[in-house]
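Lettered A, B, C and D in written order, each chain numbered from 1.
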Amino acid sequence: MPSEFSLTRTVEFSETDMAGIMHFSNFFRWMEACEAGFYRSLGLPQISFVPGGVVGWPRIRASCDYKAPLRFNDVIEVKLFIKEVRTKGVVFAFQFRRFTDGKVQPLVLAQGEMVAVFVTTDASGAMVAQPIPAEVRAKLEVAPESAYAP
Amino acid sequence: MPSEFSLTRTVEFSETDMAGIMHFSNFFRWMEACEAGFYRSLGLPQISFVPGGVVGWPRIRASCDYKAPLRFNDVIEVKLFIKEVRTKGVVFAFQFRRFTDGKVQPLVLAQGEMVAVFVTTDASGAMVAQPIPAEVRAKLEVAPESAYAP
Amino acid sequence: MPSEFSLTRTVEFSETDMAGIMHFSNFFRWMEACEAGFYRSLGLPQISFVPGGVVGWPRIRASCDYKAPLRFNDVIEVKLFIKEVRTKGVVFAFQFRRFTDGKVQPLVLAQGEMVAVFVTTDASGAMVAQPIPAEVRAKLEVAPESAYAP
Amino acid sequence: MPSEFSLTRTVEFSETDMAGIMHFSNFFRWMEACEAGFYRSLGLPQISFVPGGVVGWPRIRASCDYKAPLRFNDVIEVKLFIKEVRTKGVVFAFQFRRFTDGKVQPLVLAQGEMVAVFVTTDASGAMVAQPIPAEVRAKLEVAPESAYAP
């Protein structure tokens, strides 16, 4: 039962902005990519379609603290931690660190958080939060706070 | 029966890259936004969902010639021209021009083209090109080539 | 001295995701676009370049609470409020509301926050927070909390 | 002297649109990411900054033919081919293919092309095309047309 997952990723030219650094909105795309890798590693779908509806994990809250800029061609580790498993949702913490000479550096460049809720859509298309199915919950373990505390 | 449509738009910070100009991929998002405005102006849906499927206009080709850079806070006119109406698709040409002192300047900063095909999805979810419905076709008029020729 | 600013914007096809709603990362791009409009309205640059360096407002924190989805072609008001003016930074609150029949609806679809810090770059290219210049500060007024409290 | 380069990449949730497929604009971001990997593999900078200016490879033309959709979590090979080396620019061809069971499938899902020009900026900030430096040119070899012909 993993409580952590990590992804290595290189900052792309299209992700930079005219200040010469990775645009702040892209950190959220990276967090989600890390979450997607985590679900793949568990053999769980992040989204699925049923007749007339969707089953998935929309976000109800996302935040990020930016401590140092990421630059083009930087190689970055994004690390996911399960902070909390609620009846109908999961809270993830994320940390961004730079690889230098093939080693992850200790400095946390950014620290994020996302709250995702398990939903199905009803007949009108509206999303309705649902208890996380037992077989999904069984695969989610909460990380110790010491693992991701800033 | 319009053969042209235009949209005014300001270059956003998130659309720039570290070279200090609008990233080349965003011109395609702008062309599509202009196309969406065109469909709205005609009262036609750009995409619709039917039980088990989608009706829409995926692109089979897109291209853009970049002649001069767009910069943050530039106010730009994107102009759409219907270049060709085919049995199952439409070819659009697009031109990007800068507003200066509230007037569109003659210089074409970029010239694009998109070929969109009218499709429905079959039982397997695959997209199948369809003849453009008569009521849609009736609203599409081809622009004279002189209108958009570089 | 304004403490609020608003922007009207239509959800684009490229901003949706396969769940059929605006992708959560795009709310941050919209907040920044609203902030850019605010600076333009004040005649203040959001970023400027000096020999060897940049003067600007990078974000040190951004967050968003998502309460209801935005969909393709929705017309949305993004409203900015100055929540706090610090010595070296500004805290903005943002609210997203839908236009229906040309009127902004009361329901807040999303509520965001951004903390931007005034910086210049030093000789090494590193960003260094600076006191907000007096002529900029003179144009910033804090909104009453009642204006944006959820 | 390589004439080809390839990159493996997974379609992300944020890259899909409400039609359930990768948005057509993202193929251009992927082509550029592949080009960036190619330059890194050669030890050449894709962009560099000199006092008062930029040295880089802006695009003057980009195009893509879309033959089959890419979907969330698809694992894709993007392959770059040098199609032509001009005095002041390079023409790249790109092919997108799906990995299935760890093997690249023969079907080309999309075929793209980009023309990048070597530029420096002049005193006014305008980009001026320059002959490709000999040490860069020495690292670029043209691929046989048979390698990428559709």
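Convention: contacts are C-beta pairs under 8 Å (C-beta built on N, C-alpha and C of every residue); 3 or more make two chains touch, one makes a residue touch a chain.
All values derive from a computational prediction rather than experimental measurement.
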Tally the contacting C-beta pairs at the A-D interface and at the A-C interface, and name the larger one.
-> A-C
Just going by residue numbers, which of B-D, C-D or B-C has an interface where over half the contact pairs are the same as at A-B?
-> C-D
List the centre-to-centre spacing of chain A and chain C in whole Å, with centres computed as mean CA coordinates.
-> 23
Take the average of all CA coordinates in chain A, do the same for chain D, and state the distance between these two points in whole angstrom.
-> 28
Can you tell me which residues of chain A touch two or more of the remaining chains?
-> 13-14, 18-21, 25, 29, 32, 47, 72
Would you tell me which residues of chain D are touching chain B in their complex?
-> 18-21, 24-26, 28-29, 32, 47, 54, 56, 58-67, 69, 127
Touching residues (chain side chain B, partner chain A) in the complex = 13-14, 16-21, 23, 25, 51-52, 72
Parts of chain B lying in touch with chain C, wherever the complex brings them together = 10, 12-14, 29, 32-33, 36, 40, 46-47, 72-73
